[in-house]
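Written below as structure tokens is the structure these notes are about.
Think of it as A, B, C and D in the order they're written, each chain with its own count starting at 1.
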Amino acid sequence: ACTTTDPSVTQTSGTGTGSAAASSPASKDWFDQTLYDTQNQQRSATFEGNPEQPYLQYIAGPMTDTSKFKAPGAHKVCFANASISNPWRQTGWITMNQQLKALQGTGVISEMETRDAKDNDNTQIADIDYFIAEGKCDAFVISPNSTAALTQAVERACQTGKPVVVFDRGVQTDCATTFIHPIGGFAWGIDTATFISDKLQSGDKVVALRILPGVDVLEHRWAAAKKIFEEKGIQAKDYFTNADPTEIKKIISDELATGDVKGVWMDAGDGAVAALEAFEDAGKKLPVMTGEDEMSFLTKWKQTGIDAMAPVYSNFQWRTPLLALEKIFKGEPIPTEWVLPQKPILADELDQWLQRNQGMPSGHYAKFGGEDLAGYPEVWQQRQIP
Amino acid sequence: MDNHKEPDALSASGALDSGPAAPPPILEVRGLTKSFFGIPVLKDAHLSLHRGQVHGLMGENGAGKSTLMKVLAGVYQPDAGTVLLEGQEVNFSHPTKAHEAGLSSVFQEFNLLPDRTVAENIYLGREPRRGLLVNKALMNSKTAELLESVGITAIRPTMQVRSLTVAEQQVVEIAKAVSYDARIISMDEPTAALAGAEVELLYEIVARLRERGTAILYVSHRLREVFDLCDVITVLKDGKVVSTKPASELDDARLVRLMVGRPISAFFPDKLPPENVDADGVEEEPILELQGAGNGQLDGINLSIRPGEIVGLAGLQGSGRTELLHGIFGAAPFTRGTMKMAGKELLPKSPRQGVRARMALITEDRKAEGLSLNQSILDNALSVIRSVFPRRTGAVRTEIPGVFSSLEVIARDLDQEVQYLSGGNQQKVVLAKWLAIRPRLVLLDEPTRGIDVGAKVAVYRLMRQLAAEGKAILMVSSELPEVIGMSDRILVMRDGRLVGELPAGTSEEAILQLGTGARTAPEGEA
Amino acid sequence: MKQRTGFFQQLSSTQIVYLVALVTLILGALLVNSIGRSFFSPGNISSILTGTSVLGFIAIGQTLVILAGSLDLSVPYVTSLASLIAAGVMANNPNNVLSAVLLTLGTAAVIGLANGLIVARLNVHGFIATLGVGLIISGYLATNFKGSFGQTPLAFRLVGATGIGPVPISTIIMLACAGLAMLLLHRTRVGHHLYAVGGDVAVARTSGIRVDVPVITAHVICSVLAGMAGLLLASRLGVGSPTVGSQGGYDLLSIAAVVLGGTLLSGGKGTITGTLGGVLIFAMLDNIMSVMQVNPFLKDVVRGVVIVAAVAIYARRRIVTRPERFPAKGSAETRAAQPVTVEGP
Amino acid sequence: MTTALNPERSTVLKQNRASRSERLLRAVRTPGGAVFLLLIGLLAAIIVLNPSFGEPSSFIRFVGRTAPIAIAAIGQYFVIVGGEFDLSMGSVVTMQVIVAGNLIRQDDSKVIPVLVLMFVLGAFIGLVNGLITTLLQVPSFIVTLGMMLALLGLVLYWTGGAAQGNPADSFRQIGRGGIQDVPVLDIIPYPVIILTAVAVAAFVLMRRPYGRMLIGIGDNPAAAALAGSRVWWVRTRAFIMSSLSATVAGILLVGYAGVHPSVGRGYEFTAITAVVLGGVVLGGGRGWVLSAAAGAFALESLFTLLNFMGVQATWRDTVQGAIIIIAVAAASRSWQRKRKGASPAAHDEQHQLAAAPTPAEGIEQGGERV
């Protein structure tokens, strides 16, 4: 019989755009000084493009020449999604679908075939391989489930010669046509930890609530924050919560029982409300807090008037891959690493964002960036998931 | 076994070893002592087995017979004492050791795997191998030979045990014990599940083994069998050997007295005068009436039972007696025909409906179908009432201690779990739970299976009492003396049909003839 | 109880499993064709078979454990740990492959041994014993690994990426393991004893079997096969991952596949062939739903319903029924036999 | 029940029930009793580490927050003691949490109707689990596994993965609020009251015919069926109670923590662990309902203890795993010891149930008596 070896299973090149630290053992830190410095600078960088369309903005840098992909007509896109297992991803997925409809309307995309890996690396590898073999894809969009594990599958997609767009979590290869992501986890960590440290004294206790381990974009948030807390002498104790509010509430209650908690830091805002309620129920003074631009947190923030900020891991990045493909099929150059704006919501903007998202469910993300798309606002309000 | 109206006086002190004089014993047990968690079960037991000898081991429930056997089989380790095999001291630390030494056993408990084949069961634990692998072909052919050698043709080695009848399964167990080519075979109640032809088969197997020079240790509660088969009988009482005598020196009465330590006045108690019945109560309406009842296993069942009547139901293993009780009770409902309870049309579709009609079913397998072993005596006794007449629980609860005392249940207290009771006491708990509903019709399936003489008598007396109170009783039993001794009428089944009715006091031969079809009834059959 | 002798009654549960698989196949082919795709194209077949490999390894092991009357809930964690050890020891150096594989499987075997000893010697129900061991490993993983670790060299990655025609090597290895497991079950003493212990411990014991041995053996093999799954995953992912096992939900899914394959959850009866059928059904189902782009939440609904429905097909059937003597409904010919009354003996 | 009994003996036999104190002593020596000792030990350790935990007001809050899992454990107990498993519990909790969030929203007037709907839904799921298990004879492990997948999938599909938001505060009060300004305790959380009610009801139920039947069925379903029990219905009711208790747990959790699709995840395993820790035997027929609840408290106390000890959160699983193995191994030892312990008395002549005559005498009296 004929042996079929995937020609693309090759020695990995090593450094990629994702994160250098991703394949290192736990004992080695997720902390990466170079990346930290880069993202720290990017926080104040100027973004190219129209601020009205943040999902198309980017930081000037190397561009990929896409002229070889230039082709008229509608194209078939294959999307290998890690999952839609949390509200952030669900919101993004809804937005992406509305964007898809728009591009189908303009005849750029004929159809998008999606495979959802349900948070499973192995499944997503198989999904990508299936697309390569059977999908008749004109382009690939990949939202990797984890950084190192998906690297080779992405490389295989690249070797088809079709455009490959990677977004959100990264992979360890440069082969993709573009890698789309907001500034990143270190920037998030710097924004949030600086905010909290500024309001607290050295020696104060902060509880850090983290969703899950092992995801680069999340680990970077904590790596940066931890460093800053250490520098400022803040005592930060971290827990993994799976975003389960029950867990969060118990953790806070027990922490409150052993001493005052002055601040709460979160690597993702999901479950922020429960953390605050734990303070309320214990009759303790509400903490300085960072959540996320999830509606539940913004609403609670407003209600309680706490000293808070909402870092943003720009949800509108879910639109960008399809828009990038539009450019690619036109042969327009696009950023090789497409860094999207990532601007936290500060107290003075809170009302504005609440206003803009009135009627949205609690799992909705304020900076979802789809107001101009068809179906707004019902589709998001009713969370219609295809 | 006949009724023993006049028991002989007998000295309880049995002579010691009185086996055949000349050859040295093949197996000798000396001073065997075994306790379970501090309670002695065997006390200084001794026993000698000789080549070609069938040695009966008798005793009441809990006397220690099975324990002794299991020590010999390597299942239990003795606390003290020695076992000599042809003069050599042996110590079976594991059942395999006993097998290797030429000792095999048929255990009292069911010992086959229903989902494995006959061959796999017989060679379990010593599968023939070629190299590292099991040689299935050899295993099957050896099994076929073995089955043939013991005279069984209906069973193929590759059949699943589950597809065999209970009797066939028991025969497989016996074949399994024989297959070890053992010098000594011990059999613990091998006929408990057998009737008629299979018992004959067992007799033949035993005879053949005896000819070969195999020594057999034989445990049974059926006196007749013991006298038919055994050369020597040892009686155990409370874990002590009280007598070893040639069978010829014993008779039923003496044996029973050795076992229970006292004479038994009446094995099958006499009928009691009916309570509160008019003089001409004979013409009373039947409690149960079946017309043309049948289902997948039964056909054309016509019968009627009047209050105060004890009707025996005889037949071979698998003839459908249990099925008939289950049909009446609703556990395996009739799919055709009619049934009347006290004149009212009723065809129970579930046991619950049977119970509601105030029927009681004492099942043949008390551990599997009669008791919740981890629950207390009290909970078991109340189980029927609680399930079907929960509102009467309180009232019945207060009567329970009285019931147990009159049934003479021996136990620590009502909170004791029934698993710790001996077989006879467990059976009394089963009876008690059914008495609680004041049944009109009592269906008894092998009510004395595996219980000792003392407990048996208690059951018989209870039956008489129930009959006197006007209840109707339908009793299935494979022990013909019991059927004959207790029944007012005897119905005989064969192949799912009632094939005849015999009056009280009929002979075993008559029953067997009908049951086996050896004699066709005058009018002929369908 | 009354029984119907329908079509299903005459089939063995393994036959029913493959019948269900066939129905799934036909349905899949129709559905997939209806959207202009081919169910039988090499790419799709390869995709389905790839889907069987990892679960296959684990389900084979799970079959042995369930047959022996136990259960293994620790498999996902063993799989994750195995992937980490493999990738960690290999560290992208082809010379380390052999030692890594041995170390991985050795560690898995030790965990299996622990499972087996806890079940057999400490008398802890398999559910609790392996849940506990799984938690112990899970804590270790969570504390010591935050993200992927190590790197498998090219030569080793080829195992997960090579195929003979549309058949992935990994599937072939899995089937080879299945073959070995069948050989073990049907042709070795310990295999026979495994059925015996799962069927009835007391019977096994009095038949002279050392009952610990089959239980411990089953647990060790199950863990080793979970280790194999970990190796395969390390090969496919190129790295070890502390969550790759739990991502797959292999604990419950493997149990479901085993039961779907006709093995009794209480032990003593069942086949590897049936389990492979169960695994195949799951793999085809996943494949069809993915091709059809079924909403990921609804996928679980379908899985859940299929598991229950498929098992329901044969669960109610008594495996071997006694033949009926009479037609249950009673035919006209069966005249009620009149019992005769005989005078005396 | 006059049959075959000597009425005058009834009086003698009243004393043949073991004394209350003896029964209690026996009970403490079983795993179901030992879990209470374990719990006391754990609580003592927590208080040593953090004395403020022992203050009535913090302790009662601890009880309150443990109520949902304890209630779930009680529900799971019914299923387990009847010889089955309920793996769908976690999904039921999640479903109820999301139903509450999506249907009540901020509308106080919907609280009651939605509550009713939730109970109906809960009962319905239990009914389906029970009927498929008992009538179609699919192993409950598989039925409830299927239900777990299907239910969660359906709910997430229906809601697009996340609820609209927390339900009205009046509804959340059930799980979050309490009777204020109580002397000493400061507050009595409603969950504590609900837990107490559930525990009392469960305790009483287990002493009633239904409860005894359920245990009997877990022990030997064939015997129970032949004794006239509707085995299918008794077990189905256990599944219904399990789903209903998951519903109550869900209601308390929405109140306590708020709506999120991860609320309830893994609840089935936690509940089963708690039940087993409480000395209840998997496979049915043995164990007490309050021990199951105590098992839940022991588990929660253990986690709290680990938090206070500053044990890294990631090690928590490891400690939990080790503890349940040790506890269950010890329990299986102790059931064995109980078996040993029980035998002597059974054979002790002094302890014959029928205090008066021995069987020997009875037999000699033969047919005359009775």
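Convention: a residue touches a chain if its C-beta (ideal position, glycine included) is under 8 Å from a C-beta of that chain, and two chains touch if they have at least 3 such contacts.
Predicted, not measured: the structure shown is a model, and the values here were computed from it.
Top-ranked chain pair, ordered by C-beta pairs in contact, is B-D.
The mean-CA centres of chain A and chain D are about 42 angstrom from one another, to the nearest whole unit. Work out the mean CA point of chain C and of chain D, and you get 31 Å between them.
Looking at chain B, one finds that residues 331 touch two or more other chains.
For chain C, residues that reach two or more other chains under the stated contact definition are 142-143, 295, 297, 299. In chain A, 84, 213, 240, 385 are the positions where the chain touches two or more neighbouring chains simultaneously.
Pairs of chains that satisfy the touch definition comprise A-C, A-D, B-C, B-D, C-D.
On the side of chain D, the complex with chain B involves touching residues 1-7, 9-10, 12-14, 16-18, 23, 26, 208-210, 212-213, 215-216, 219-220, 222-230, 285-286, 339-348, 351-360, 362-367, 369-370.
By the touch criterion given at the top, residues 118, 122-125, 127-129, 131-140, 142-143, 252, 255-256, 259, 265, 295, 297-301, 303-305, 307-308, 311-312, 315-316 of chain C touch chain D in their complex. Considering their complex, residues 84-87, 90, 94, 213, 238-240, 242-246, 248-251, 253-255, 257-258, 270-271, 273-274, 277, 281-282, 295-296, 299, 361-363, 382-385 of chain A touch chain D.
Partner chain B is touched in their complex by these residues of chain C: 1-3, 183, 186-189, 191-193, 195-196, 199-200, 202-210, 268-269, 319-320, 322, 324-330, 334-345. Note for the complex: chain D touches chain A at residues 50, 52-53, 58, 61, 65, 68, 101, 157, 159-166, 176, 253, 256-260, 262-263, 265, 303-304, 307-308, 313-314.
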